[in-house]
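Have a look at the structure below, then the notes.
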Amino acid sequence: MAALIDRQSSGVFIIAATPFTDDGALDLESADRMVDFYLECGVSGMTILGIMGEAPKLAPDESMTFARHVLDRVAGRVPVIVGVSAAGLDNMARLTGAVMEAGAGGVMVAPQPGLLTDPKLKGYIAQVCAALGPDVPICFQDYPQTTGVQVSVETIIDLTVKHPQIVMLKHEDWPGLTKLSRVRAETGVGDVPRMSILTGNSALFLAQEMQRGADGAMTGFAYPEMLVQVVARHRAGDVDGAEDLFDAYLPMVRYEQQLGLGLAIRKEVLRRRGVLASAKVRAPGPSLTDRDHEELSRLMARLDKRLGELS
Amino acid sequence: MAALIDRQSSGVFIIAATPFTDDGALDLESADRMVDFYLECGVSGMTILGIMGEAPKLAPDESMTFARHVLDRVAGRVPVIVGVSAAGLDNMARLTGAVMEAGAGGVMVAPQPGLLTDPKLKGYIAQVCAALGPDVPICFQDYPQTTGVQVSVETIIDLTVKHPQIVMLKHEDWPGLTKLSRVRAETGVGDVPRMSILTGNSALFLAQEMQRGADGAMTGFAYPEMLVQVVARHRAGDVDGAEDLFDAYLPMVRYEQQLGLGLAIRKEVLRRRGVLASAKVRAPGPSLTDRDHEELSRLMARLDKRLGELS
Amino acid sequence: MAALIDRQSSGVFIIAATPFTDDGALDLESADRMVDFYLECGVSGMTILGIMGEAPKLAPDESMTFARHVLDRVAGRVPVIVGVSAAGLDNMARLTGAVMEAGAGGVMVAPQPGLLTDPKLKGYIAQVCAALGPDVPICFQDYPQTTGVQVSVETIIDLTVKHPQIVMLKHEDWPGLTKLSRVRAETGVGDVPRMSILTGNSALFLAQEMQRGADGAMTGFAYPEMLVQVVARHRAGDVDGAEDLFDAYLPMVRYEQQLGLGLAIRKEVLRRRGVLASAKVRAPGPSLTDRDHEELSRLMARLDKRLGELS
Amino acid sequence: MAALIDRQSSGVFIIAATPFTDDGALDLESADRMVDFYLECGVSGMTILGIMGEAPKLAPDESMTFARHVLDRVAGRVPVIVGVSAAGLDNMARLTGAVMEAGAGGVMVAPQPGLLTDPKLKGYIAQVCAALGPDVPICFQDYPQTTGVQVSVETIIDLTVKHPQIVMLKHEDWPGLTKLSRVRAETGVGDVPRMSILTGNSALFLAQEMQRGADGAMTGFAYPEMLVQVVARHRAGDVDGAEDLFDAYLPMVRYEQQLGLGLAIRKEVLRRRGVLASAKVRAPGPSLTDRDHEELSRLMARLDKRLGELS
């Protein structure tokens, strides 16, 4: 029985890496370890086959093999969201059907590039909802830096009102703090239903975003325990404590937030932490120089020291 | 007494070049000859200081010198629209005030890059209208290839309803034929006032656009007499004759439509036709190779031959 | 035995549509008719699974089914190029291996978005060549309007020198006439090997491009007989006759060149000409309004009339 | 006697705001206070009329008034760099001549948008150098997020070798740490002259960049004393102390780094610190919500607290 996402979903939905062996094959053993690690960290959900998951570099059968493997390992303990954005609706619907049947908790959809007016975007999302069917919960990914599609608060609200299955916003517009405040203030009031808001952008503003009403985070930071604790402290009313902890990790958050390169850094941190057997990124992709490795070692050591001071 | 643009404006508003001498100075003598040439061709208006006018490459005092000179020469015989798009509203308002006082018939405003949601665009245009004052007629330039701002039909209509001074649309979205049909059909009905629609994009679809209800063209094609005749024939009910004439010029229209390079081609054709003393484009800018010059000669000769066959 | 592309390849390589039934299924019967039609028109090659072929909207097995079907029907009479651009090298290599084994004559590769410096682009193409293996002939697609990657003449020459398997350039930079002249002049001299140059961009400048030394065209214009005759006349020394014929079709070429919408127009023309059973484009995709249909009818009728005048 | 920038320039070149009164007029009194404040903070130079200086929103005479005023107040104590990027070379040369005569220490030039191949970019910079004359020291601004022009390490080195007047790199490519390491390693060796490297991007990676060999920073952070101390500690060999101090300010650095909005935040911090009379940004421009103001207060208070812990 799958756990589904809904308008109340909250906590940390970690964006999962796709582990490869050094020669580039899917590494399902590491995938198991990674799933266990995330769950031990206390995540409330997972997201797979996103950009960080290198989804477009998987062969179609690999995508399903990996998705099924993760879903089996999670076994319904937390909802798993699957990224299904695709150029064609047929492919999107096919993948959605397969993963929902395999136990996914919902899918994540970003606008295709080129949907540059409100009517075009709304028309596209209506087509998507019709193609997926009304029973599939959708997380709408608002990520203009990658899609090139800017979405107004008015449009986000229109989408969640018109399409009850759009229950969650992955907020990663930037700068986006005012946008987050507005979506929070203008949903869950009157006829507009509440919407779960999870923040992305590598969590660079997580403390501020929680203070502005986010329900949690959806990002792939390689220290998920920080994300979990910040959200937990915040909810427990310890706003300052949440921000203190966040700030201690901020040098590393900032380091991982480097567009493109961040994926290589995250996989390397997960490797060093014993989660992944290899930090392999499929070609073409970023890789770390020797200098980067030293810098990362320094940053990791500094983080340990700072955490020691705090405790 | 200046002729002002309004919601009924029609015909050909030629986009005027800014003539330079070979060493790059403003050439006001050629400007006089150019104004006379355009008027003899039968244009219904002119547009100056647009992108084709190399406005951003003029010194501020040159802009006003040139604008005043053209306005004096035109002497109210046709309305002259001045391009005033600028990064800051203060500069835009200052230039607008000066040219309106000097006898301009209205100004042309394109959205600044970055206004990528409906609310942002609408807010910006409201700021512009307030800064310019309600008495200045505005031509809204819809040119996404250059501005990066996509504007929906719904938004265009909203702008012209909310801001009565926005009386004209320069239509150069592409592909944009359906958009033109919709703006035509959805303005001038019910509470929505009529809007003058002049088409740009180098007139590549002028015949089709007239058939879909355009009021004329605003472009800088170096044979303005074709634009004038096509519009005239069309209005006189000779739809086929209009399109026959247009198609005869199409190889040259297509040749001039090359983004960037088109400006150098137009100035060279105007030079060969005796209008400009020099085809000089200010640096950095495009220039024609020897091969381009030969190709242009061939295309001009073929055009003459084809016009001979038609007559 | 497959016909392979090489540095002398010339003529018209038609970009094939992917035919669907009205309900969106692959239509292999229409595919047969289309292949026969193209061959009867006298094309020298075909290109499948390109953007016009709606490749990204096919399911993986559909891609191979369609490719194998076309390759079987062509049966080595002309080389068939297969578009294999993909986010990951593994997927690209896998598809390439499969289609080359099935009889393809080469593959077409466009740079991935984001390769925005010379060293990055050159490094990527080196990776691609290594991944595909040296025996696979490559057509390099230079299409900045879609990829966002601008490639200099110097870089194109460097690529074809360093990678002997890059034998063909699909030229669709725009404006690109001077670029074409330079690639022609600077290859096939000294140590730089000749390169086959086929032009794209909907053939909007085909006559000029042949005059500047192109070897032919690679585009999907729905009247392939025009492309074939223009290239043939030009090679036979009838430069004016080639351009006369081209100009007669120019209103239609220009109409089909509308980015995005062009695909719907081409499929509709092919349907009207009896080649395809349906003009279906997979969602999300462009569709023609009633007004577009009328306009197309008018343009087709005008073309017939003009061809009558010419003959 | 003006202080000129050269290949050894180092330290903090603060990017100066352009102060306005609440009603938008130039505020020269605040400008004086700001210049004094920056000098008291220990900056090694200043940069005016950059993007943060709202240069494109100034009237031409305002630009010169402000530049002369700042240059007079600085009175040669540190070099002042003036941003002169413009659409046309004539305007760029005119402004450069005027500010160099008034005592500027050099100019900053960014590539114009559209220079998307190496040969185009190199040709443009050669034109710029010729137009400005060989005696004007140039800081080349490598800022692809704003210009859209990606520049390789190879090209940067080529520019500084071919044009001896290009003595400084403003490094703000992102992610750009490896690029910085390479420019450092590949200049100042063999025939390649040393180049001053100052880093931008709001100093988000200042500690790492100093460790990789940067000569300092050129950014507008509203606590210049931090930038000055980090650079000074680093040079004194206190690498850890430099990074400790930087990390204490990182939450604020990150907050100011919000593209666009950052300008409003910086002006507000400078206002709160008693430097500017008003935080006014010229229209169209960003403004802070009440929520933003509270958030900023919280971040400023947390910074004070953290600095207290450190001392």
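Each chain carries a letter (A, B, C and D) given by its place in the written order, and its residues are counted from 1.
Keep in mind that, in the parts below, a contact is a pair of C-beta atoms (placed from the backbone, for glycine too) under 8 Å apart; a residue touches a chain by one contact, two chains touch by 3 or more.
Since this is a predicted model, take the numbers as computed values, not measurements.
Student: Quick check on subunit A against subunit D: do more than half of the interface residue numbers occur in both copies, making it same, or fewer, making it different?
Tutor: same
Student: From subunit A, which chain is the farthest off, judged by mean CA positions?
Tutor: For subunit A, the chain whose C-alpha mean is farthest off is B.
Student: If you tally contacting C-beta pairs, which comes out ahead, B-D or C-D? Let me know.
Tutor: Higher contact count goes to B-D.
Student: Please report how many Å separate the Cα centroid of subunit C from that of subunit D, as a whole number.
Tutor: That gives a centre separation of 47 Å.
Student: As a quick test, compute the distance in whole Å between the mean CA positions of subunit A and subunit D.
Tutor: Distance between chain centres, rounded to whole Å: 34 Å.
Student: If you average the CA atoms of subunit B and of subunit D, how far apart do the two points sit, in angstrom?
Tutor: Each chain's C-alpha centroid was found; their separation is 38 Å.
Student: Spell out, as numbers or ranges, the residues of subunit D touching 2 or more other chains.
Tutor: none
Student: Quick one: label the inter-chain contact graph as line, ring, star, complete or other.
Tutor: complete
Student: Write out the stretch or stretches of subunit D touching subunit A in their complex.
Tutor: On the subunit D side, the touching residues are 174-175, 177-178, 181, 204-205, 208, 211-212, 243, 247, 250-251, 254-255, 258-261, 289, 291-292, 295, 302, 306.
Student: Residues of subunit A touching subunit C in their complex?
Tutor: Residue positions touching the partner: 24, 54, 56-60, 86-91, 94, 112, 124, 127, 131, 282-284.
Student: Under the definition above, what is the set of subunit C residues touching subunit D in their complex?
Tutor: 116-120, 144, 150-155
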